[in-house]
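Paired with subunit B in one complex and with subunit C in the other, subunit A is shared by the two complexes that follow.
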Partner chain A sequence: MTKTIVVTSGKGGVGKTTTSASIATGLAHRGFKTVVIDFDVGLRNLDLVMGCERRVVYDLVNLVNQESSLHQTLIKDKRIENLYILPASQTRDKDALTIEGIARVMHKLKKSGFDYIVCDSPAGIEKGAKMALYFADEAIVTTNPEVSSVRDSDRILGILQSESRRSKMNETPVKEHLLITRYNPTRVKDGQMLSVDDIVDLLAIPLLGIIPESSTVLDCSNEGKPVILDDESAAGQAYSDAIDRLLGESKPHRFMETPKKGLLSRLFG
Partner chain B sequence: MGFFKFFRSGKEEQTAKLAKDRLQVLIAHQRSGKDGPDYLPMLRQDILDVIKRYVSVGDDALSVQIEQQDDCDVLELNVTLPEDAESTAKASDVAKRRSLERQKEYQERMEKELKKEKEDADNVT
Partner chain C sequence: MSSNPGVEFKGGMYTFMSLKLHTSDKDIIDQELANKVQQAPAFFNNTPVVIDLSVLENLTDGELDASSLIECVKRHNLVPIVASISNKSSQLARSIAIPLIEASTRNSATARDGVNNAESPPEAATESSQNSVEQNVSEAQAIDELSVSQEVEYIVKAPLLVDKPVRSGQQIYARDTDLIIMDQVGPGAEVIADNNIHIYGPLRGRALCGVSGNVSARIFCSSLEAELVSVAGNFRMLETIPEELRGRPAQIWLDKDRLNIEPL
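Showing the complex of A and B:
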């Protein structure tokens, strides 16, 4: 059974592409045949974060328009077995995608034996975002502890509940997961940032993971390496925990405590 | 910076709470529009029109929500009535006038029915 997971948020810049890259990598790392699709037609970026930007020949729009085969279009990851990237087109716009066209691509991917299809949604609630979430069985709603992000996440949850294929066909609803990114426990402790409990309270969906704010995330995207591969870093470990939870394991949440500081760094830090 | 912060700690503004309070209102509002059945806006307008017959209220005086409690839906109506004496006085006038009108209507109808009954009785005999 192929499972389709959309990584979405409404708001831009909260870490959808970073999350898509790490979730897909994590799933493939655990032995599942996984493809990650960039739905941001016109603003392709997943290839950069995955470090395969120089290997893009064909893209999603070519595939939808049947100008290329699945085999020609998919980019096989060089680090992880079982991981494939389906890049977005950089020259076209989102109108190049149709539900029927995407449905054909999804069908082909299912026939090719993929266990997971991870859809990296563009920001906003327009056609591209709706297209990315249409086929989802599960959704990872990426949220920053910040008012505009929380509000937009709630909005996208509404769209998932009314405009996804599952809602339109009256099937069991899309399974929703909350992933909080750029979390800074110190600022939460000081009362300057919404806490995990606040956000879970507001959005009322199960928590998949908390990704602490970390310089490693930027370092990794600079390198074109999904941050989950950096298993020394807190962010990488947090994504790894999220994968375990996604696969049904129950794990306590980490990275919610403030790092312990010495007197000197407390005075001058 | 850190030096001063050390002494100030605890006195900093707790903006997170403000953020949560604002979001709570916003999200409740955002969801109220989306969860209800299709007829909810029309129902709201009809109820508002009825209220306006008796009390002069604005268009935003009525909030209509459907909430789920256990296994039944609860329709919640919230009407904000005007506070100032003038509109309340006016409102009670309207109510009085309407109740008089109703009484009159009722009387007329009863009289008509009585008349008809009488006619029917006459016809039989």
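Showing the complex of A and C:
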């Protein structure tokens, strides 16, 4: 059974593409045949984060318009077995996508034996975002610990409930996961950021993971390497934990506390 | 620009006398109206009335001369302003010259009767059996009639129940009924009802009850953190809600024109 997972948020710049890249890589690393699709037609970022920008020949729009075959369009990752990238077009816009066209692509991917289809949604709540979430079985809602991001995530959850294929066909609703990115426990303590509890309380969906704010994330993006591959870093480990939870394991959440102080300051601080 | 607008549209509820016609016999109507008006001529002088045709609709099959009945009512110094009818597209409806309102038997007219009679249901039943001339109805028939009449009096529209969080940007409207929400109402969400709103969770968005003018509608919530609350168009924003009431269970209702917020 192929599972389709959308990574979405409403708000831009919260880490959807970073998350899509790491989730897809993590799933492939665990042995699942995985494809990650960039739905941000016109802006095309995923190929950069995945480090395959020089290998893009055909793109999602070509595939939707039946101008290229699946085999021609999918880019096979060089690092991880079982991982494929379906890039977005940079020269077209979101109007080039149609539900029928995407349905055809999804069908082909399912027939090709993919276990997971990860859809990297564009920001906003317009056509592109709705296309990305339409076929989802599960949704990873990416949120930063600040009010406007949480509000937008709440909005996108409403859209998932009313505009996804599952809701329109009256099937079991899309399974929702909350992923908090750019979490900085020190700034939470200072009251500059919302705490995990606040966010979970506001959004009322199960928590998949907390990705700590870290310069490694940006370094990896610049290098074209999904941060999950950096297993030394806290962010990489946090994504790895999230994959385990996505696959049904229960793991305690990490990276919620401020960095550990020395023994003395812990005793007297 | 003047701050006072020249015109203003508002929703509102007004009480009118309704005149229910039980027969299409003009002479009987004429006679009975004359008697009634004679008892209190001042009371009936130019009084606006709603003509309730629900009974006649069922008695006749389109043969009725409704306009002459209305003329007859007018002769007794009553002013028919609107006719209440269950089917606006019927033959009868087309023959009426005054404005029509479509009264579904479940809500408007009978619901009001239902409220009035709520404390004494048996009386309502006897009244209807008196109207139906035949006093010697068999017991079985009487029971049948009683249940039928009670059904008409007590049909209440089911509340709209929502058991999922209402998310930012979502809007839920319970027409002609109560709205019950078993989860939270997120910031930027809007819940609206013609009657009461009950929220078993934090209210963080907007809640507007009694939107078509029901001033006795109330809002109940288990944690008041609303952006805005409104009863029949009288609203308050979060800033004007006292700090000590926020985050607590509360009810909101209208006392004359004042919006009251009280902890539960």
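By our rule, the second predicted complex is superposed on the first by the 260 of 269 C-alpha atoms of A that agree within 3 Å, B and C clash if a C-alpha of one lies under 4 Å from a C-alpha of the other, contacts with A are read in each partner's own complex, and residues count from 1 in each chain.
We take it that a contact is a pair of C-beta atoms (placed from the backbone, for glycine too) under 8 Å apart; a residue touches a chain by one contact, two chains touch by 3 or more.
Bear in mind that the values here come from a model prediction, so they are computed numbers and not experimental data.
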{"item": "Subunit B versus subunit C as contact partner of A:D190, first or second or both or neither", "value": "first"}
{"item": "Partner chain(s) touched by A:V57 [first = subunit B, second = subunit C, both, neither]", "value": "neither"}
{"item": "Partner chain(s) touched by A:D198 [first = subunit B, second = subunit C, both, neither]", "value": "first"}
{"item": "Partner chain in contact with A:G158 - subunit B first, subunit C second, else both or neither", "value": "both"}
{"item": "Subunit B versus subunit C as contact partner of A:I99, first or second or both or neither", "value": "neither"}
{"item": "More subunit A residues in contact - subunit B or subunit C", "value": "B"}
{"item": "Subunit B and subunit C contact sites that coincide on subunit A, given as residue numbers", "value": "151, 154-155, 158, 161-162, 202"}
{"item": "Complex contact set, residues of subunit A against subunit B", "value": "146-147, 150-151, 154-155, 158, 161-162, 188, 190-195, 198, 201-203, 265-269"}
{"item": "Contacting residues of subunit A [partner subunit C, same complex]", "value": "125, 151-152, 154-155, 157-159, 161-162, 202, 204"}
{"item": "Subunit A partner contacts - residues on subunit C that touch it in the complex", "value": "164-170, 183-184, 186-189, 204"}
{"item": "Residues of subunit B that touch subunit A when the two form their complex", "value": "2-3, 6, 9, 12-17, 19-20, 22-24, 26-27, 30-31, 34"}
